[in-house]
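Next up: some structures, all given as structure tokens.
Two complexes are shown next, each including subunit A; its partner changes from subunit B in the first to subunit C in the second.
Let's look at the complex of A and B:
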């Protein structure tokens, strides 16, 4: 009997660190097995990272941002612009983190007084304004031409243009976000955010400051996303407004997390793989219309699996463990 | 003097374009007012209208304005079926969920268009596309573009028709009742699910009509969808979400701001001009969102 329960509990009984280690090591084997598909692996993992960062605010705090391309762009452009002055990418990333954090702080301080869809609408507007600035302020961003990375210094003797090095750097980024997710699930901030997501008024009655909780999540999301932006630049070797700052990037980031399952730690990662692979398979058919996969999947998920893939799986698991408990959905 | 004449010309162009923006916003506002859902796919339906007109011009050799007669009924059926088949399943869910579903539907629409017609901009050739009436006024010569003028006239007719429908017919009364209180309307025998589907259909019709009217002015590109969704947000937020007269005011304001911004700024500083055309509207949008989220007109969020 005891054996039975420990088996069916599956995910919930595996200690978080062990689960994290298993997932990270499994993904870490990818370059050894699929060595010829390194580009696919890096882009899937990178977007998983973006989606995991999105989930901090979108999943745990329930505030859907459709403007995360801004932070991707800031991260990438900080590294690219400072690179021209001979400053190493890791310092550029730090600057990107700082700028993103400040922007998120200012923007959140202004917009989190509003509720409902207003925050989402403001993210789209801010993202568009930043894109227009990047497109038109040639002196800073080289306009639509974008910035190229020439040579890169080596990091601890590793070549940053080596796909395998890039893969493991991105994996490190994803692992950090997953670890952060595990921490958030049990931390005070995580409970604050969930309380705010479920009911702002009740959260306030309990002494939580909703605006501050959301602001913290927003700043963290911005900072994490901008690290990913810096890594994306290393991978692409160049950056321009049409790649990094357009609305489809923001939409992709949000949809990966939602399809995978919001507020479930591993949801965005699962979502990135579940979408990334069909997108790659249909690439030759769909060409520029690759967002069709996202559109179809998001509609299907919203209608049939409103909690996302991982969220629905967790619910199914919970019901199996607690057959007598009736749980209203 | 140049500043003044440029300004006046900008104002006229802005009002004419604003009329079409008003129609896009009216559809969005109607959907929000009745269903309480922000329609994130709205701009994509504008694109769908554009391409429907393009296709009927290409294959049926119809003039864009004549194609309205074909496109609009199709748009209504499309919106109605879309709601019946998908959005109606989400009626109990929270608005965040429905919002994401509309976003997904928009993505599907745009990307199907992209798949069929490719990324290259498509234009329709009409003889009158570049015609303009010249009106002398106090020694200034003002140009009124023929296409924009027709667009405004047709917009006015459609909005007038919508208004008559809402306030003079039994269906309109049912729609307004559903907007005010869904349960109350249901108790009076209104099939509110059907009303929702009808309203969504009307919203799609207004978006598609705007697309058709813009086709002679712009070239159709599938990726413009998000631009139009943005514009409809700006229009509806300026006017107050859910308010029909507000949407008209908001549309006109957006048109004028964009047009004046791009025609007057170059006289002072060539850098900010047409380059930032789309940014002016967004900046005003953010300011309104921050300081008067209920919209420029009206004290509270008004419903249809």
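Let's look at the complex of A and C:
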């Protein structure tokens, strides 16, 4: 008993809300300092959001999606298509959330009864199907030409084409995802997802329905990603299948989360910044060769930090707070 | 009757792993399940807890639970442990048990407190914040039981929770299981150590080749010729 209290006293944890506030405020300073690099900041932050959403299913529930471009695309196209009919982007986003949620629900209901890599394979297939639909159904998506945004209504008097406005909207999106991550850490859903990730049979023995837990995470992931897709459209001003619906987008989303550290709340955010900034620099300095550097970086992380950057850091912290002689066995 | 299974059959391809086995269990009763390796004890456990397909009928306090999926049973009061302990290795001891507590508790704080109470009960409170992968065998066993107990079961299936422990740890575990039965939980336990099962069980069922070959008090079982034959007849490993 006394050992237990001394151990908890030894823990130096920052309260979640304080940590979240520090992170969000720090990122919020970016436009004030790097005002000339707004595009870089927005893309990194946006992909951080995509990766954070991916992590709900990929990190917490251990189901790897390699098709999240689908939800990015649905989010972007919903806003763009409805925009043509004079419907404001926020309503378009709501429609995107609904469509993504429904698609994830149907898709997950079909695939989550299978175990292992079947789900991942299905994500690649569905992503390709949706890309081909967007490419060929001209009446809906304008095919390979894609959709352009003309003018946009103002949101509470804010210009949605202003890069700073866009940055803070994306930051709001990321902050919501981080807050959701903190909630998951202590909530029943988060515990159930981790149980399913670790061992489905054990999870069932504790009264957890694995298919339902995974489905919930999948629907949430799809809906969150779709919001990001809508924001991406506002930032790009246009959308076409080759930008939003291609496999590299899906892969990048997954990699940022894996490299940063899956299931760690902040991992995907860290991954996006640590990979995003150098890859942009390499792209301008090295042109085509940047992909090589990018690839080497990924291999290094996977070999030396299999739990990702934040995951490895947390492990180090755990070992420091629980020295071996006190841990025993 | 707390728990009742009638004519349970499990078939793997052409092999009858469990053949027409029936059993009953009262509140507070400890039913021992013995038999040589490969007798079908664990398969029977898996069948009764919904993990493998079976024919026959299973009832919990008169309610038919035969065809329920495994994740529905804990809510109704049936819990189990696994022969090879299966904690969620990457999570802490407390987090592992908290997962179970969420079955009965709706909010995070209540679940955590219930988990701490359960850990205290099994003597793992001082390990609450440690990762499961660092626990020794005796503590892993206790964690496995804590995870089942946090579900607040009325029927508990224990699959070899004593074998492999050193004598003092065995004695502690035996006392602990006896206490669980006294609190009213019906317990079905598979165990290899004859001395343990004979001293702990109110009733014993012996299985061989998937069939029930004997049932009775520990004394009756110890003298049953069919049981002696099964153990000494050369099919043990």
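Note that the second predicted complex is superposed on the first by the 302 of 329 C-alpha atoms of A that agree within 3 Å, B and C clash if a C-alpha of one lies under 4 Å from a C-alpha of the other, contacts with A are read in each partner's own complex, and residues count from 1 in each chain.
In the analysis below, a contact is a pair of C-beta atoms (placed from the backbone, for glycine too) under 8 Å apart; a residue touches a chain by one contact, two chains touch by 3 or more.
Predicted model only: the values in this text are computed from it and were never measured.
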item	value
Subunit B versus subunit C as contact partner of A:209, first or second or both or neither	second
Which of subunit B and subunit C A:199 touches, first, second, both or neither	second
Subunit B versus subunit C as contact partner of A:245, first or second or both or neither	neither
Partner chain(s) touched by A:188 [first = subunit B, second = subunit C, both, neither]	second
First, second, both or neither for A:134, with subunit B first and subunit C second	neither
Subunit B versus subunit C as contact partner of A:294, first or second or both or neither	first
First (subunit B), second (subunit C), both or neither touched by A:99	neither
First, second, both or neither for A:74, with subunit B first and subunit C second	neither
Of subunit B and subunit C, the chain that contacts the larger number of subunit A residues	B
Residues on subunit A lying within both footprints (that of subunit B and that of subunit C)	none
Residue ranges of subunit A in contact with subunit B within the complex	62, 64, 110-111, 114, 116-118, 120-122, 124-126, 128-129, 132-133, 135-136, 247-248, 251, 255, 258, 286-292, 294-299, 302-303, 306
Interfacial residue positions of subunit A with respect to subunit C in the complex	1, 3-4, 7-8, 11, 186-188, 191-192, 194-195, 198-199, 201-210, 318, 322, 327, 329
Parts of subunit B lying in touch with subunit A, wherever the complex brings them together	38, 86, 89-90, 93, 95-97, 99-101, 103-108, 110-112, 114-115, 119, 226, 229-230, 233-234, 237, 271, 275-276, 278-279, 282-283, 285-286, 289-290, 293
Partner subunit A, residues of subunit C touching it in the complex	49, 51, 69-75, 79-80, 82, 86-91, 95, 98-100, 102-103, 106, 108, 111, 125-126, 128-131, 134-136, 139, 147-148, 151
